[in-house]
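Following this line, the structures themselves.
Common to both upcoming complexes is subunit A, partnered first by subunit B, then by subunit C.
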Partner chain A sequence: MSLFAQLASLTVQAGNGAHHSDAQHAAQHAAQHAAQQAVNWSEHLPALQIALPLLAAPLCVLLRRARLAWGLAMLVSAGALAISLTLLGRVLALGEGGAISYHLGGWQPPWGIEYRIDALNAFVLVIVTGISTVVMAATPRSLESELPRERHYLYYAAYLLCMTGLAGITITGDAFNIFVFLEISSLSAYALISMGRTRRAVTSAYQYLVMGTIGGTFLLLGIGLLYMVTGTLNIADLSERLALVGANRTVLVALACIVAGVSIKLALFPLHVWLPNAYTYAPAVVTAFLAATATKVAYYVLVRFVFSVFGTPLAFDELHLDALLLPLAILAMFGASLVAIYQADVKRMLAWSSVAQIGYMVLGLALANESGLTGGLVHLFNHALMKSGLFLVMACFALRLGSTRLEDLAGVGHRMPLTFGAFVLGGLSLIGVPMTAGFVSKWYLVRGALEAGMWPLAAAILLSSLLAVAYIWRVVEVAWFREPATGDLRRAPLSILVPAWILLLGTLYFGLHTSFTVGTASAAARLLLGGTP
Partner chain B sequence: MSTCPILGPFLSEGPGPALFLAILWPLAGALLVGLASRLPNLRDTLSFLTALSLFAFVVTIILPAGRGSGDVSHDILEVLPGLTLRLRLEPLGLLFALVASGLWIITSLYAVGYMRGHGEKHQTRFAICFALAIAGALGVAFAGNVFTLFVFYEAITISTYPLVTHAGTEQARRSGRLYLGILMGTSVAFLLLALAWTWHLAGTTEFTPGGILAGKASPAVLTALLALYAFGTGKAALMPFHRWLPAAMVAPTPVSALLHAVAVVKAGVFTVVKVIVYIFGLDLMHEIGGDQWLAWVAAFTMLSAACVALSKDNLKARLAYSTISQLAYIVFGAALATDHAVLGSALHIAMHAFGKITLFFCAGAILVATHKSKVSELAGLGRRMPFTFGAFTLGAFSIIGLPPLGGSWSKWYLALGTMDVGDAGDAGGSGRPLMLGVLLLSSLLAVGYLMPVIVTAFFGQAEEDKQHSGHGSHGNQSEGGLREAPLLCVLPPVVSALGCLALFYYADELVTILKGALLP
Partner chain C sequence: MIRHVILRIVAKTLIPCILLFAFYVQFHGDFGPGGGFQAGVIFAAGIILFALMFGLPAARRVCSPRALEILISLGVLLYGGVGLASIFKGGNFLDYSVLAHDAVHGQHIGIFLVELGVGLTVTAVMIKLFFLFAGRKHIL
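Then we have the complex of A and B:
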């Protein structure tokens, strides 16, 4: 027994991240620890969240067989979802402002890399892993028509790497680490996009690569400048020291570099040019995955830097970030929606709609009050659900019709009623009809605008949702009233249809039961506005 | 109530959940109708039975609850913190629910006759969407706060879109676009903003006797808010947001009945009345001058729509503009914000519903029997379709406001309202005789656009030739010249016309219900 206890305390000491179990403590309660040893794994969940998909990616390459690689990727994805849900549960159990801190390799922050999970990034992690899992379920059937089966394993490897990168950006508490994971996710995203059916996918991926690299470079520059000023890379540490430094020119340039860099990844309005092409020509499932996660994580990074690192007083009161972001957000809401109305390809239309929806999220950020930020964060979740659901619907259309062009969707409402029903549901949510998730986010954004005393802004938010009515209803009219082309059409495969319906019913569910989304988002917003994390 | 085993659990905690049940009822009906889509007779029977049982339910359970003194409410769901889907029974809503569910019975009968007589396709989809719209209307009627009202208001818009575009033609699509564009556009851009703003100012959106906005903001802000509500409620068809209503006449006639009488426009004006009475409160309306400008906007709509109606030769278009004009009466009364005026406008919801549904039923019956839709073509038809045109005459007189028909009461109270507006603490009171004049002029215009129809039909000279071949859809040929539409197309307008007559004698019942809330 005592030997066993010794062993247990040794393992605990042996250099892992459970920082709150120091050696003495472990020795005193050795027996207890021995009993807990199996549970110890659960203290490493933050590391597992990243390590699992990272290790599984090369395994996919080794497995080679499409079905096996998919099985592994699905398993890992579901496991990652389970982990992130557990983490979220734990963070929320810690109460307002609580956070889990995990020290990679046992190195103490600010020297070592810290994974720091609070209400905000636990929430984003759930979105990333959740969407990844649902989309993964739909992947094999949809990918068959777009990529030769013998190359599927590469797809799964890249997909897992992308998920690793996105989860890594989210979970880490280290600014430089954010850059590293951003590169992992970006590089694998380029690979994923280039796997599209047409050769245009390759140019789109290349365009994204050029833009993305510029974005990454700006981010790195910004982080470098921050390091120069403060001498630290840990986010918690950064924010403390930055508050002491105050607003000098270096900090201003750092903020500018970071905002510009992240805005490229986020596809904020004038920097969005890569997005419509990338989303249109990427394989359908890739679009469904990236639309719901990549831009969302970039939004998270922006929120994290603006509120946690720079802090509201610095970013808004002294550096007037809102003067930049607010007009851009409004331009995105109106400009991109208007462009969406004139698209001939529905998938491209949805891509433009994403640019517009990013405008709403950034608007929430720029309002910098609790309702507005809650709206932005809730929209992050809600938009992820509806957009990836809608893109899965596009996957159904692409599979059965061979195209997502508007004219080819003529009469599809009668020929594929279930798929079309899903589209209408997602569209209603995109418009923000009450009882759908879209309404909840808009409600908070409008409230945020009113609380900030900007009622024309509130009107603008609502007016721009009318543009969503226009572009969604254009599709509905063609699909419902236009005479269908001849030829028999089979129902979309259930393996895509069911995930799409899960996501879109999710938008309905989260339009009615908002305690999870709004509760978590408003907790995160309070945390962010309350000062340092 | 406790005798019913199915309803027992619902009603054990008071009549509150019954409100929710009344909304679920048509939804269940829609489900049954959908399941029976392959058996047309069963499907239509189910549709009718749903309507009948719903009305019975409203009359036997909700009406007594409304007459009682207690607070009847039911929370469905708390969607956001402090933003609850809540149903609450109050006299205005009770009246609207009675009207909507009552008229649904005859509309569902009529729909069977019309849709079959006219050989329309997709009758199942039609019946389902119809039931959904009724559920939405009941939701609007029982809404306990602006948020709930907004939710059901949008539900009506969406569920009636497939009805308006039922024909699927290019014209139907264009009308559908206008319909959805205006209704959803105004509601999202204005009504939702008003809702959020109300919440922001008052911290609640509950319908509360006496209003919730008094003293919460400056008169300028409240005026803007009132305008957002008045114009945001596109279903009230206040000019310039009225175009959807004439456009929607491409829909089958039962849909026109639904739009003009049962659910849609009534939901709109009901929203305006309810917001003015329970969100602003009558006193606040005078304080912020809403009783002046909004009343004049309504008066303008009233007169100009009536003038447009005069110029329309298409019967349904004429009736559509007549509806716009008559709806403005209701907004007008609510805007005047005196007890009598509000009473009059609430009454007018019911009176106009019965009158206008009769007229539309008749227009549809004429179309089914003779395929004629223009006023100028109706010459002599009155003698051959006496029941249809008899009903039309009663309905028209009620719309004009002649006794002994229901419409005369609402106009009477509205006229009283323009007279006693000075007593209600209003400063100016200057324009009020003028407003009375507007009311009378508008009634004259109603005579102008409705009487020619009757006169042409009964006394016009018909060209008697080629019309005997018909379309095989005329059912009643027993008497020589008599050529009515099928029984199910003729019976409903006769019933609703008799309803107009009955409302004259039993208006007191309605007044008693309404007075409970409006004249405390």
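Then we have the complex of A and C:
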């Protein structure tokens, strides 16, 4: 802008001298004005994190051409990743307990909506935008076989809206805003799931819609009750006022509503029924995206409400949340893993395995000590990487074999060695073999269990990992030791294979270099256990 | 229903009034009860009444599916665009005060534009939903 003003003043100076001083004065004025108006975009990164994908979604609809829409979505997704990485770097540079606050519309919190970024949600933002970018790279090739090309632009619009919603839930510091973004992400997720190849996709999207709406309603009820007790919706303000109110019945009901509502979105064990169908029948890339982000963000919401809003003393010492969550987590770890062993479809097996892995994360939350919570949060990151990678591998199989059923995978280890190699790597990480990311998170969970003095819990974590060995081994056995079907198979397309390998090599990398994941997660855990954010 | 004279005449008289009332609710939203959402629903109700009277094909000629899609997108873009414009003007996202030289004017313009965006999107979404359900040949 100031360049413009200088140019203007140059042209004016070059002009005739009659109004010389007058014109010069005007130009100087313009330059001053421009300098005043020079926008410092980096201040507005929190708003742009949400606004860019939100505005790119309608642009995708306007562009209409599948290629163009994909290009825009890819660009915006990568931009969002860059923004979230910048924000994470900035938050970590602020040191322990530091937070970035952005006031939407210039209204001061607690009255206005505040975006508040601390170590915890900066970390989750990186996961959401990162997975979104990698999956987006694999999308066009995989989607071609599942959705007519002329409807792709709607897919990209829904995808960007879903990402907007998930990032919005994560970034906002306002409880009601969480609900609004939850609805944005959920509605677009239903649309994405219903785009699957078979009719079953529509019914499973509908099932998810019914469950998700009930979950959203409970969450809203809980937030409403909290508002009734405290008169505020800002999370930081809520936690201060709630500590003064203490544990009365309204607060108890609010906690119950919020935990029940979020648990549905999280697919915590008895409330998980929507998940296997939704993940199985959704388009392959949608599953890869949602499995790594939607339930993770729900976990974040649970963590945020339990630790930041209610606080450890209220939630655990007075209202005994751990007495509810610990058994459910253990049931999820064992029950869902057992069901996974008996699945005939590998995609469905991975979906059940997701339910089990959510159990591990909730276990970390319920332990409510630093190691446990660190384990839960690290597992959030690691599991996002491995599940997203594994579902991309499923996308390769679906594309080349036309199916992900176990019997169709016979001998696929020889026919598609690179693709299946990626599956084995992800499987090892899912089991928690040392040197993979899965090991790191389980290590912290076991440490948390031991620190809490609950050694049977540590044993349970190890035993349930054996169940993961069982269901991964079934696939490995069929794919490597069964006679392959005849006929040549082409290698999976690189545009899906490379993203899958990036994610799964990521699990290997973060299994060896834990400073980023564990460092950020433990900073977040200390922040959460230290009281108010 | 085009052959029912009374229905047709009543509808023909009502539809312009409904559309006009929608505009009133839209532009009166800054001063009193009303706003983009309500106005959008009322406007869409006018079009839906038209579709009920004169059939879906006639209504589709008035608002083609592609035009609806564009309107839906434009509404969101207008809303978000106001947000970006307030950043350009040196304020925070959606800070209307900076949109004009004084804050009151700015708030006025900001709310007006944002509500217009809401109105556009809601109108188009409502009509689109009606078309989708009305145009469906088979039940799942």
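As a working rule, the second predicted complex is superposed on the first by the 494 of 533 C-alpha atoms of A that agree within 3 Å, B and C clash if a C-alpha of one lies under 4 Å from a C-alpha of the other, contacts with A are read in each partner's own complex, and residues count from 1 in each chain.
The criterion applied here is as follows: a residue touches a chain if its C-beta (ideal position, glycine included) is under 8 Å from a C-beta of that chain, and two chains touch if they have at least 3 such contacts.
None of these values were measured; they are calculated from a predicted model.
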On the A-aligned overlay, A:Tyr342 touches which partner chain: subunit B = first, subunit C = second, or both, or neither? neither
Is A:His44 in contact with subunit B, with subunit C, with both, or with neither (first, second, both, neither)? second
Tell me which partner A:Leu104 touches in the superposition: subunit B (first), subunit C (second), both or neither. second
With the two complexes superposed on chain A, say which partner A:Trp455 touches: subunit B (first), subunit C (second), both, or neither. first
Check whether A:Val202 is in contact with subunit B, with subunit C, with both or with neither, and answer first, second, both or neither. second
Look at A:Leu54 in the shared chain and tell me whether it touches subunit B only, subunit C only, both, or neither; answer first, second, both or neither. second
After superposition on the shared chain, which partner residues are touched by A:Phe481: those of subunit B (first), subunit C (second), both, or neither? first
In the superposed arrangement, what residues of subunit A touch both subunit B and subunit C? none
In their shared complex, at which residues does subunit A touch subunit B? 428, 431-435, 440, 443, 446-447, 450-451, 455, 458-459, 462-463, 465-466, 469, 473, 477, 481, 511-514, 518
Could you please specify the touching residues of subunit B with respect to subunit A in the complex? 77, 79-81, 83, 147, 150-151, 154, 158, 165, 168, 173, 176-177, 180-181, 184-185, 188-189, 192-193, 196-197, 199-200
Spell out the part of subunit C that touches subunit A in their complex, as residue ranges. 69-70, 72-74, 76-77, 80-81, 83-84, 86-97, 140
Per the touch rule above, subunit A residues touching subunit C in the complex are 36-37, 39, 41, 44, 47-48, 51, 54-55, 57-59, 61-62, 102-106, 199, 202
